[in-house]
Amino acid sequence: MSDRLSVFKTYKLYVGGKFPRSESGRVYEVTDSKGNWLANAPQSSRKDARDAVVAARKAFGGWSGATAYNRGQVLYRVAEMLEGRRDQFVREVAEAEGLSKSKAAAVVDATIDRWVWYAGWTDKIAQVVGGGNPVAGPYFNLSSPEPTGVVAVLAPQESSFLGLVSVVAPVVATGNTAVVIASEKSPLPALSLGEVLATSDVPGGVVNVLSGRTAEIAAPLAAHQDVNAIDLAGADEVLAKELEIAAADNLKRVLRPQPVDYAETPGIDRMTAFLETKTVWHPTGSLGASGSSY
Amino acid sequence: MASVFEYAPAPESRSVVDIAPSYGLFIDGEFVEAADGKVFKTVSPSTEEVLSEIAQAGEADVDRAVKAARRAFEKWSALPGAERAKYLFRIARIIQERSRELAVLETLDNGKPIRETRDADLPLVAAHFFYYAGWADKLGHAGFGAEPRPLGVAGQVIPWNFPLLMLAWKIAPALATGNTVVLKPAETTPLSALFFADVCRQAGLPKGVVNILTGYGDAGAALVAHPDVNKVAFTGSTAVGKAIAKTVAGSRKKLTLELGGKGANIVFDDAPIDQAVEGIVNGIFFNQGQVCCAGSRLLVQESVQDELLASLKRRLSTLRLGDPLDKNTDIGAINSEEQLSRITSLVERGEAEGAERWSPACELPEAGYWFAPTLFTNVTQAHTVARDEIFGPVLSVLTFRTPDEAVAKANNTPYGLSAGVWTEKGSRILAVANKLRAGVVWSNTFNKFDPASPFGGYKESGFGREGGRHGLEAYLDV
Amino acid sequence: MPTNAPTAALADVTSSGSTLRRFLHGLPGVDAVGLEARAASLGTRSIKTTAKAYAIDLAISMVDLTTLEGADTPGKVRALGAKAALPDPTDRTTPTTAAVCVYPDMVAVAKQAVAGSGVKVASVATAFPAGRAALSVKLADVRDAVAAGADEIDMVIDRGAFLAGDYLKVYDEIVAVREASGAARLKVIFETGELSTYDNIRRASWLGMLAGADFIKTSTGKVAVNATPANTLLMLEAVRDFRAQTGVQVGVKPAGGIRTSKDAIKFLVLVNETAGEDWLDNHWFRFGASSLLNDLLMQRQKLATGRYSGPDYVTVD
């Protein structure tokens, strides 16, 4: 350690491609696993949640309308930028989760690979879960998956970075936009991820990151009529039930919390949870009025 | 064409690419001479300038390359899919970074316009690697079982019309699925494959995973016949494809073939005429018509024949033929003297059989291999130019009266690679597409390619699909 | 098919609302993806050196230098006129613009400002830009402008009537304005951004030409989407086909959103390779623009001197 006094970073929210402080002006203390002070994180209010939903909705048209190939390129770019900030994330994850440097490094590497994994899904998921349907009639019939819309994501409380990316990446890979509530206890990797997203090619508003009291922010999101789905990964049983009830008001798609080993290669269920299936019918008919002679 | 608005030459700079005076074979991560020391020259078809001297692979080199690929296979196939994915992502990115260099190189060696290599070939090449990179760690989701296995060593022989793109179509899925490859580019267009070897070096790809053997047909024949090759993939002529099918008969080699075509472009009377004209032009004059899926037969409904042909001829008069490196060139050089003489003789046959030949006023350069955009009218199903694949900028125009007749004529060929349907009526598109015996049907567009979209033929246009989820099957033990 | 129909048949086309509708809806459809791809492809033409010099001078000569603001004053219009007549005081070989384009009440001022320069005065009329007024008001607007000396009238069509399918109303109105314009050349503005579909733009183009337009013009410059390469390409196809069928040549004016020399040259490529060189003249092709002129002048200076110019070296108007 040198004698030089280091410059602290002010952690801010990431909403609509910008870095606002909380509208409430509140912050809360973030400590490492041993209770040492790390930083003051913004404590988001319901108004921050509202602003994040507006930003996510605004970004939805462009993001869902981009080609799957383009989304893949953009998400892969995120992995490239993460790789460049690897050391920073290793430190933040080690501090947040009380891991040794080498264990934290393994977590960060797995996280970057997770982005790459989802980047590759953007232009493949439709081929895996969509397809032509052989209906019994003169009709062309094709089912394809489409993003649900704005998804509220309660990031896992314990896995502050790998878990976070494991729930955010599938939401945006499929063309949804996200309002993410960072791990309440360990929000710093999530807030830093916002900085990475801002310097990748991800359009502002596609991912919005809020820190603060999960229950406080989640309640207005679960009840918000312009949110289409909610991932309850970071909610405990009691909160999850409460939020699911609120979410029923506009029939949000709800992904309930479940035990997940984030180190394992995921399946596709976190993507399909936030996909609608659209089926298009179109007449084919015959070649001529008298029926095909061919 | 003298015009008041004469475009000054706008040549793409050659200095972005540095071609060495000679190149070796790329085997086991190194450039080596051919065992027998043989070399051949590659020339620029637009000028006949010698670009470089290239090692000519023989049987011994094939054996060496297959052995290197076999050695590399064990480790490569055992890598976690996510690691193979990252190599392929690296390759995709390096190709994106070096795309201008590779585009100029391809234009020099192949003769096609820089506009095409820059705007079509190279973006598609990078996209193809990018797409298959993503599959490498998701093979269990592709519908071929939970843990599908690679085949082993793939022997791949590709043509000269899209040298780097055909390389990408072959190598990307092979590597993603865990195979190693020995690839032979065409003798007239070896350079971009050799530059690809350098891309592999920059990406840190383990040695022996990709091996490039430049040479002639005998090297290709030796490769497909090699007993330690597990998979043969060929793109090229139907005649050679049939010979390869006979070679691998009785072996356990898995085979896919992308062969010739005689694509029909069907224009109904309710078509969007201006866009149909563009589609017809793109269908047959893209890459000087040296495209297996070219729309080389125009089937036009009799009621719009005059209007369509008038528009088409007017449009052909605006095509700019000349220096392929000029950014305004639409039509470049024919790839080789041999191909030029094939086109010339088929066109002469068309005239002799009574079809009416037309070309716009068009000055051909002195040096190099050139053929003016050509239309044949009064063509019937019986004419040679309606049946044989010309593989050049030559369009045969036939007419039809009813959808039934259009479909019957379109299908009346041993080939079955591509077709086009032009009409604003959705149900007609689907009804006609339904009846066409072709692997790719474009409606209200033509010659569109995408790594996510499977491509391949019916009948004598070959079998197997490249691209998309379907393209994985050719390289998996399923 | 319409373009095979004998010219005389076109006379009957406008005999009733239903014949007009049948004709317009019988025009070949437009595939949007294909149209836009073609426009984009022509946009990749690389225009260098001598060709660029030719294109820049041609583009300058085609500019309808425009001010259409509520804040327009005689002083502003005089400055505009001076600029049109002498775009670059440091280089008198620079061509003049084709015209200045102003509101009717500024025509007299503009006329005086460009007197003797050869620059024409164009005036928007017919309750520009919305066109929501009684026909009598629109015609009075036109007559005012003509009486004040306008050489050209830029009218707007009734988009509401067009979208409601009342093509005959739109047609009759253009015919009436045509008559009120007297010797002035008539440009018919479709406001393509409001017509929304390419099929509509093709129909409007034919409708305007049938009614006697001297020019068909994309936009007012007052809505979100103005001139684009694709809608201009489509209109160029329409004038090309109309001349092939009737022998009558009609001009095209893209307006709004064309700000750089690069953009302008792309439009000239569209003209050259679609309608052809007969349209490469300011009698047949115009740019409705304001800031474009200074960019053209800076590019012109760059070609002459080899140095990049800056905004301090061209005049503000």
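All chains are identified by letter, namely A, B and C, in their written order; residue positions are counted from 1 within each chain.
What we mean here is this: a contact is a pair of C-beta atoms (placed from the backbone, for glycine too) under 8 Å apart; a residue touches a chain by one contact, two chains touch by 3 or more.
If you're wondering where the values come from, they're calculated on a predicted model, not measured in any experiment.
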| item | value |
| --- | --- |
| Chain labels contacting chain A and also chain C | B |
| Chain at maximum distance from chain A, centres defined as averaged CA atoms | C |
| Chain A and chain C: spacing of chain centres that average the CA atoms, whole Å | 48 |
| Distance from the mean Cα position of chain B to that of chain A, given in whole angstrom | 40 |
| Length of the line joining the C-alpha centres of chain B and chain C, rounded to whole Å | 44 |
| Numbers and ranges of chain C residues touching at least 2 other chains | none |
| Residue ranges of chain B touching chain C (in the complex, touch as defined) | 3-10, 115, 119, 269-275, 278-279, 303-304, 306-307, 318, 327-328, 424, 444-445 |
| Complex contact set, residues of chain C against chain B | 1, 3-4, 28-31, 33-35, 37-38, 44-52, 54-55, 58, 237, 268, 272-273, 277, 280 |
| In the complex with chain B, residue positions of chain A that touch it | 68-69, 72-73, 76, 113, 116-117, 119-124, 127-128, 140, 265, 268, 282-288, 292-294 |
| Chain B residues within the chain A interface of the complex | 82, 85-86, 89, 127, 130-131, 133-138, 141-143, 402-404, 407-408, 426-428, 430-432, 434-435, 450-452, 468-469 |
